[in-house]
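Below are two complexes that have chain A in common, paired first with chain B and then with chain C.
Now for the complex of A and B:
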């Protein structure tokens, strides 16, 4: 019985660990507008979810190590409004994401634009981001 | 002449009696003292948000989503009656939680608490001032939050994952609109930085 409870708690802990933080905060409280980033890499996963989507991307660091990024996007309805579809996220897709790095988490970013390998560009920014001209 | 005098005297007596009657009539009962409301807010608005609204709305939002893992879409949605009932429970918690936000007398944050992001998100006393300035506006947002859960509840009752998923956008829009007015009204003024 104790083992069962332990396993349940372990599973719950694991779920919490991979679940992106979802508490609402001001954009500037979570992301640093003085740290714009341009991430070039492979999209491994996309969470098409409310209230925000999440792109998981692997980039290669200068030392050759792979860095795993979690990139917040606008919610699905906004993404659709800007022309993006679930089907656009194919296996092994390479892309460039421009956005801002997390204030407290260096592997977290808020995406503003997503450019596919075929050149298509999408605005993926969430509400409250800086007026940086990305939404054009 | 005597006859006329008699009439005048009678009239004077009548008027005097009427006036006297008016003066001695019992004073109207004072309005009943405002009764103390039977409820008693225990948690602050911040605690209601963190303990009631946010965890439950996350369950509603997360109940339907697609995870595209290496190009392979994996659909998530409530499947059993029990899972639908669980989402409904959380949708109701958010709906009723909105009433908690409207209850007068609830502090914004626990005593001594400050801003969670100084300079970006307002301190509790600043939030209080905004609410006191526009209690109607505050209540309108809380009511809009409650109303925004109605399509979610209807979708749950129909066991319609797509409608439940689509309802999430409006809920988020209401949350964000209210936060921009009462929590971080100045956060949109971040210095423009080129992301290009």
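Now for the complex of A and C:
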């Protein structure tokens, strides 16, 4: 009996091990991997917060209209690990963000790469995104 | 009725809640402690419930199991509640707007009422079936209800990051 329980637990453990690591919440639950976006614009606000940060960004549409984006980033500990700090963000700075658009909300995006005005580039994605080479 | 939102906005803007919300290590530490103490609490509650429904430790008197497990349940409950309240203070508006958060609170309240009713009524007459492998029907029901409610509480807690209803 004990042996049986042990074997079942072992099998369950093995199954867990082959599952890919999940993020805080799954990328696919909210974002569309077939809709990559490159956003060039002005960062109006950065929420340096747990469990995920948010970059608020204004971009210009082809017709000249301003579009307000909400871009999800990794949390502070991951951003710090990738070389960023809170003070790197100033309201009104220009930046380029690459990411993926929201499945249901077209003004929502999951950020992957942030390129600052001075050319420095940072990975800002959460764990669990697509394997697109953004994470180095 | 006055809105609670201004109070929550004030709470969110305080120095110490902002510091934890923005901290690279403080928040993950609290969040991890929350989950770890839930694991301890729920794991021990499940063992007690399995004895009640008659699936585990049926050879041991219920009172013995209760006496041994109860202090450890509380040792898990207190830090899980403390870290939970702390997490709410750090990001109050987010939880206020989360449907899953309110469902989780409701499930916890129901689980609490179930546990209280068991301890204050059913368990008071436990000496009659204390050593029986099969507890009284009301006790078995309390155990089953507890298993369902606490499991559902944990599942809804895990679902709070998903904003399906917002």
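Convention: the second predicted complex is superposed on the first by the 110 of 136 C-alpha atoms of A that agree within 3 Å, B and C clash if a C-alpha of one lies under 4 Å from a C-alpha of the other, contacts with A are read in each partner's own complex, and residues count from 1 in each chain.
Note that in this section a contact is a pair of C-beta atoms (placed from the backbone, for glycine too) under 8 Å apart; a residue touches a chain by one contact, two chains touch by 3 or more.
What you are looking at is a predicted structure, and each value in this text was computed from that prediction instead of being measured.
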| item | value |
| --- | --- |
| Overlay on chain A: chain C relative to chain B, clash or fit | clash |
| Touching partner for A:29 - first (chain B), second (chain C), both, neither | both |
| Contacts of A:77 with chain B and chain C, given as first, second, both or neither | both |
| First (chain B), second (chain C), both or neither touched by A:50 | both |
| Chain B versus chain C as contact partner of A:65, first or second or both or neither | neither |
| Partner chain in contact with A:134 - chain B first, chain C second, else both or neither | first |
| Chain A: partner with more touched residues, chain B or chain C | B |
| Candidates 7-15, 115-123 or 169-177 of chain B: the single one with C-alpha clashes against chain C | 169-177 |
| Intersection of the chain A residues that touch chain B with those that touch chain C | 24-25, 29, 48-51, 75-77, 86 |
| Residues of chain A that touch chain C when the two form their complex | 24-25, 29-30, 48-51, 75-77, 79-80, 86 |
| Residue ranges of chain A touching chain B (in the complex, touch as defined) | 22-29, 33-34, 36, 44-51, 75-78, 86, 89-93, 98-100, 112-113, 127-134 |
| Chain B to chain A touching residues, read off their complex | 50, 54, 58, 61-62, 65-73, 116-117, 120-121, 165-166, 168-169, 171-172, 175-176, 179-180, 183-184, 187-188, 190-196 |
| Residue ranges of chain C in contact with chain A within the complex | 20-25, 27-28, 31, 90-91, 161-163 |
